[in-house]
Each structure stands twice: as structure tokens, then as C-alpha cells.
């Protein structure tokens, strides 16, 4: 543990994911006092066509 | 908040998702007494090949 | 299927949950053309102390 | 109920999923004393590029 | 990986959870060809008052 | 969006959650180029009795 799930709009690059993974892991390891290698992160790239806010789908199909 | 996740078999149209998004948001805003724009919904289209009921995968691979 | 997860702030009554469950199930059954008894819904009552928006925890501990 | 979610690296075959679905359902039905047909399982095939351990993305993009 | 989430009605004993954890891990390790110590399982005990099937809440509040 | 779920062992203080919330939000806003107020984070405090690694429950019941 911990297991972190990041659900966001698709479109971020692999470089951005790598940087987020490092940053989030650092925060958890430092503040949570846990070994970094115990931090698992899963990115979920969500099409805007599958995300609604206020009842409105956020984008056209891919 | 709230965050609503709808996991279902893939195959619904974008029009169906839009209608479900509106309907579910209306229900939550009205019954839950919350602003509609605070309702986030995520649709997860699941292939039948990735869903099992009673130990049986529900469909062939795509 | 489908499996619906509703994560929201704790504090809604059982009557509100019952009404939301009926309303959401109706929407899914009608729009999604699926039998109502195939709709599973799980409510997740989240303390405000466990929810952050914009980096700010939304409430004091219970 | 229950609803079981299995998040793992993509790459397992349909035959493996079928065997896991049967095995996990058997365990739950037997130990949990519940009808097998009440066990729903969803497989989530995650690209290694979307999974980080210890701050390191586990694989190149597909 | 993998990360397994088991959402079910509260009420199972710790002995049942332990047995399910061992059984599910065995299945995944054997069929999925992965080291057992890479299998993480999280149990989520859900009150029946928070679970609806067919629009009906499955039990009274605790 | 995004919606971040952090599942970890219970026991962290509210001060630690607040600091993690700020740190994770900063990382996402900066690297992901998104407004901080669009970042929602949910903490899930999991009893060790509900978490298994390698088939072994990680702690006694509360």
C-alpha cells in the first residue's frame, strides 16, 4: 500500500505521467512515512465522451 | 462531489450516455439537494470478455 | 451489469438513498434498455475530512 | 454481490481470464457461502505504461 | 500488481477473509503466472443499507 | 477532473492528509497543466484486517 488511482482526461503524454508518478510518490513517501516502493499508481485515461459534469458529456467521441 | 462511476457493457451509443448523464444528474441534484454542476459521472465501457457472472465470461473477445 | 458507484459526502438519509436508487435504476433501465434487476448500485458515504478539492480538505474530522 | 475488480497488467489470454473467473468464483461461493451466480467479476487490463511502482512507470507505451 | 478489490456485504468473519485472500491469491499466482507476493487484495465490507439491486436497498441501516 | 483515489492503511492523521492533498494537487496542477480547483482527491482509510498481500491479511481486526 498505498494504491493510488488517477482518473483524468486522456491526452497527457508519457513524460507527464512519469513526472506525476514521481511527484505523487515523493509526496506519499515523505508525508506518509512509507517506503516509495510500496506506492502503486494507476493512471486511467478517460475519453471526454465518457465524462459528464453537470449532466453534460465533456467532449465528442474519439 | 458526488463522483458517480457507471461500469456497464460496451455498446451503448453516445446519445444513450448523454441521456443517462442528464437523468442521473437530475436525480442526484433533486433528491440529494446538491448543485448539478457538482455531479461528475464517468462511464466505463467494459467488453463482455472482461466481465464474468457466476464464473462465466459473458462474451467473446472483441 | 451495470455496476454503479456513488461516492458522495456522508449525511444523506436512508430515504434519500432509496429515492436515488430508484431514480438511477429507472434511468438506466429505460435509456440503457436493460432489466432493472441487473442494476447494482453501491453508495459510498465519504467523510468531508477524507475529500479534498483544490488541495483543501473539505471538512473537519467527524 | 459481491463485485470483484481485478486490475492487472494487460497480456493475459482469454483462457487465463476464464480460468481465473472460475477459480475466484469458486473460492467466494464456497468460503463466503453465497450463490455463484451472485459473483460478478470485472477484469481491467492495464498497460504497463499506466502503472507506476516506486515512482517508476512499469513499461513503455504500447 | 495485480490489485484485487472485493466489494461484498459486511458480515463475513476475519477467518473467511483470510481464507478468501489465500484462495484468490493462489488462483492468480497459478493461472496468471505471477509471484504471490505481488497480489494485493482489498476487502470492502458494504452495509446492506448502501447496496441496491433493481432499485431496492438491500437492508435496513445498521 | 481529475479524480484521485488514495487507498492506504488507516492511521494517518488529518494533518498528514491535508499535506498529501496539497502536495498531490500541486503536482497534478503543475505537471498536468490543469486548474487546482479541478482536482478532487478521496482518501480511503483501510483497516489492515481488510488488506492482504501475498495471501496474508496484514493486521488483526480493529
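Labels for the chains are A, B, C, D, E and F, by order of writing; each one numbers its residues from 1.
The rule we apply is simple: a residue touches a chain if its C-beta (ideal position, glycine included) is under 8 Å from a C-beta of that chain, and two chains touch if they have at least 3 such contacts.
From a predicted model like this one, the values you see are computed outputs, not experimental measurements.
Colleague: Just to be sure I understand the contacts, which chains border both chain F and chain D?
Modeller: A chain counts here if it touches both chain D and chain F, which gives A, B, C, E.
Colleague: Tell me which of D-E and A-B has more C-beta pairs in contact.
Modeller: So, comparing the two chain pairs, more contacts are at D-E.
Colleague: Measure off the straight-line distance from the CA centroid of chain A to the CA centroid of chain C, and report it in whole Å.
Modeller: 22
Colleague: For chain A and chain E, what's the span in angstrom between their mean Cα positions?
Modeller: Roughly 24 Å, centre to centre.
Colleague: Identify all positions of chain B at which a residue touches two or more other chains, and write them in rising order.
Modeller: Correct list: 1, 3, 7, 24, 40, 42, 46, 51.
Colleague: Let me know each pair of chains that touch one another.
Modeller: A-B, A-D, A-E, A-F, B-C, B-D, B-F, C-D, C-E, C-F, D-E, E-F
Colleague: Considering only the defined contacts, which chain F positions touch chain E in the complex?
Modeller: Answer in residue numbers: 7, 46, 49-57, 60-61.
Colleague: Residue numbers of chain B touching chain A in their complex, please.
Modeller: Of all residues in chain B, those touching chain A are 14, 17-18, 21-22, 24-26, 36-45.
Colleague: Within their complex, state which residues of chain F touch chain A.
Modeller: 1-9, 12, 16, 19-20, 23-24, 27-28, 31-32, 34, 46, 51
Colleague: Using the touch rule from the top, collect the residues of chain F that touch chain B in their complex.
Modeller: So the residues of chain F in touch with chain B come to 1, 3, 40, 42.
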